[in-house]
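In the two complexes that follow, chain A is the common piece, with chain B as its partner first and chain C second.
Take a look at the complex of A and B:
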């Protein structure tokens, strides 16, 4: 386990926002993830990529907050992709039967490609 | 009676105490002391030490030993006086004639002893008996007691031979009464005169808390020296256990499997009882698991349990009081303390005044002075039986599992506050514990996740005032067991209805994934309620190199 501090970095790639949750994804950090997405959604962004390459550990509250973001995007007919999930993270979502409800890519660029292709 | 002392060669490790007590009359003659309050935990061998001293003095002949036990004595004053006086007269004659049987024939009337007294030329003793009988016939309560108590002093003065007065469980004498329990206080102070006599050293025994309670008269405390009888050292304890087993023709446990005996903390009573339990259970040889089995029997239903029941009933007369005491003891063990009356009262459901009174009684009884794991296990069993309505067999099994799973070297305990990110400390700890056992790194991630979930569940839902989560990790070659405990609201994951994921997502239910993860990660998850605590017990069977399927 690496550092536990959680922070969210993000950037805009074309019309998609890429978000990098870092560290331990729990209630506190999950909230800031939700807020960060909220800011982009507020600006009219409907495509979000969450790159988990720097997420070490997660708990069920963090999971529930990701579901929250999925729901927020569904409400505005947006799309969310998850990328760079460790095997552990991937299996965790799978264990809960959630993985089939998510769009998952091995890398960030694959997700961006997918989102571009989807653009009319 | 004092003659059933164990053979001197079976009496371990008390040479210096015995030597010191033997010399008391010399000390007292030279005004260097002479009265000793012998204190020690229950069963450490106070009585046995007196018996050994008695036998020694009896056969040496220079000092007269007199032994009286208050443990089984009837504390009604007139009865006590007769018993004490008759006991002294018989023991004195027995000593003078070197005929042990005389001391034991308690039913014999004094007239039968007259020929022996005359042949010994102890005419002053005849006067003494007559005086005592006069007080009895006059129904003079006070003088009967005084006459009885001063008999050893008179004997010493008349004969010039010092008398060592051994008052076993002397604290009980504080309850001497006239016609009904509690009607008179302070009869115990009638011993004062006798104690001050330079020809009569006194050796009194009692529990550690008792001395201040008995000697409200501080001049007596000043004269009395305290001697503490500690536990037998570990090697001597093992030797004693081995000696008992040898006599019972049972092979002793191999050295590395005998570590469990440490739980008895060198208490000769427990050691003897454990050996006897092995014999009752028809063991021919002992391994660790046999020791644990015998021990669990002892504290749930054996002689040790019987011993402690009778000690407790001395302090708690009614069934109601006993139940209240059990609750309080149980809670104070679980929460490591007796100090906070208010809190104990809330936890145990016994009202505050009664809690206070019971705590005071517990304190005087001295039973909780030394942290005694055996007593704690006994209380746990009694609690299971009397409060939870379980059978003795159930209690025995509980104790057994506790020890079978808890080998010290593979057991870690951790307490965390209910504050944010505290669960990460647990995650970090389990990571290292896992590494120590060569567990697979990825598997450890899951383990961390499961633990984090249980901890945050405790923090979020318990509403506990204590604001602490207690964790215990037990690693075994084939299995890992983790126990998480917290006080507060009961929690039962089974009552949560399993809603299909699709449904959950459609309805926007986002929470409630935690225990689902725990169940998926661990092989077995049990949630129990122990008193006011929720206990989650998780086990994971370890395969060759643990990777989650």
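Take a look at the complex of A and C:
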């Protein structure tokens, strides 16, 4: 099986960054996801939405990278929302106990709506 | 599926991830980083580090870390870790002397009786404790990492040794060449009329060999042979060597001994290049069997000998000799051409002409022949002569 090259895209919606990982989060190329979030955090963004619609598989390396993003956000009292998660992803996050430390939405627009409502 | 079962499956797949990373073809540091992610992702550790033990400095080097500062990690003293059980996770709360801010588990890494380093982990995201199952898994992982680190350090030791050997070899080569140059200078000084002759024959021969596609090692060998081809002249009297009048048959025979003397000297040196002895011994042989000392014929004469022979004659013609003025380059080339087949090899002559032509046209970064030729030469005349010879001789060569 050919390894799927991981890539990441992003955009700014209001004061939230929406991140689109694409491909399997299972090797060092997933570090670009942490870097992408780091760029927004560096610019003062505290709300990050990760849309997982194009990433449905993850392994321990990917979990470690998601953990890193969660910790980076926690250090600045930020919020991480995860959306469009496959059942596998959701089950894995739940089993590991990651889910309590993030806010999960079925879709990106739900997350954006929630984050907007939270801003005075 | 129960959460326990799911967790067990996740752990098994983490071990598979570990195996995949350890056996990957990634560079060592990428490998270690990926392994580190596997570990922090498996236990959701907020801090962690992989440290390797440097046997020469007796210190722990940080290979990768997260959450810990360098100062935190400097508190770990290797001698305090060594008495701990090999590859057994040790809870920091049970070993207060290991106090590193934020650390919860430490595993001393060993392969047989070699201390390799340590794996350190902080608390979990879930704030839960490390369970006995976690520690069991960690032990398996630690053993794998220890082996990986050990392989790497063995490999690095080897490549350090290799590098040291390489350095020594280069040094020896330098000394060797220095000695050879001194030898050549001694020969050339003895024969006042052939100043730098050995040096030039070495350069010309190497240039021809390079154009012929020889490898660097063999080129170096012919260079050395060029330097030493006339070393036997050291054993011939100065008066004879510098004599201007024609030689008597006895004198000629005496002079002719020099190539055998060169050979006798060369065989005493255990050269790392093959055929140096052959090249110096037979540099006065001719294809038609009229040469000396062995009157070898065609197939008996190696390419190396054919190169040295041509380079030797070309230099002899284009430099001043006691018995005649030096020839200009065109005349020398025409002379050599006349002696093709009987004395010199067509193919080698073709290659010499090609190199010289390239040098004149500035196509070679480091010309080796042209700088030694008469500065007043008319290069355009030489170049068109060379082109003519190249066309003519190319036609006689069977296509490669």
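Quick note on the criterion: the second predicted complex is superposed on the first by the 116 of 120 C-alpha atoms of A that agree within 3 Å, B and C clash if a C-alpha of one lies under 4 Å from a C-alpha of the other, contacts with A are read in each partner's own complex, and residues count from 1 in each chain.
In the analysis below, contacts are C-beta pairs under 8 Å (C-beta built on N, C-alpha and C of every residue); 3 or more make two chains touch, one makes a residue touch a chain.
Fair warning: this is a prediction, and the values are worked out from it, not measured in the lab.
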Put the two structures on top of each other at chain A: do chain B and chain C fit, or clash? clash
Tell me which partner A:24 touches in the superposition: chain B (first), chain C (second), both or neither. first
Per the contact definition in the header, classify A:57: touching chain B only (first), chain C only (second), both, or neither. first
By the touch definition at the top of the document, which applies to A:91: first (chain B), second (chain C), both, or neither? both
For A:44, decide between first (touching chain B), second (touching chain C), both and neither. neither
Quick one: is A:101 in contact with chain B, with chain C, with both, or with neither? Answer first, second, both or neither. both
Taking the options 111-119, 237-245, 363-371 or 453-461, which segment of chain B carries the C-alpha atoms that clash with chain C in the overlay? 453-461
Taking the contacts chain A makes with chain B in one complex and with chain C in the other, which residues are shared? 26-28, 59-61, 63-65, 67-68, 71, 91-92, 95-98, 101
Tell me, which parts of chain C touch chain A in their complex? 3, 6-7, 10, 13-14, 17, 21, 26, 30, 33-34, 36-42, 44, 46, 66, 125-126, 128
Could you list, by residue number, the parts of chain A that touch chain C in their complex? 26-28, 59-65, 67-68, 70-71, 91-92, 95-98, 100-101
Please name which positions on chain A make contact with chain B in the complex. 1, 4, 24, 26-28, 57-61, 63-65, 67-68, 71, 87-88, 91-92, 95-98, 101
Give every residue of chain B touching chain A within the complex, in rising order. 420-421, 423-424, 427-428, 431, 442, 445-446, 448-449, 452-453, 456, 501-502, 505, 508, 510-514, 516-517, 520-521, 548
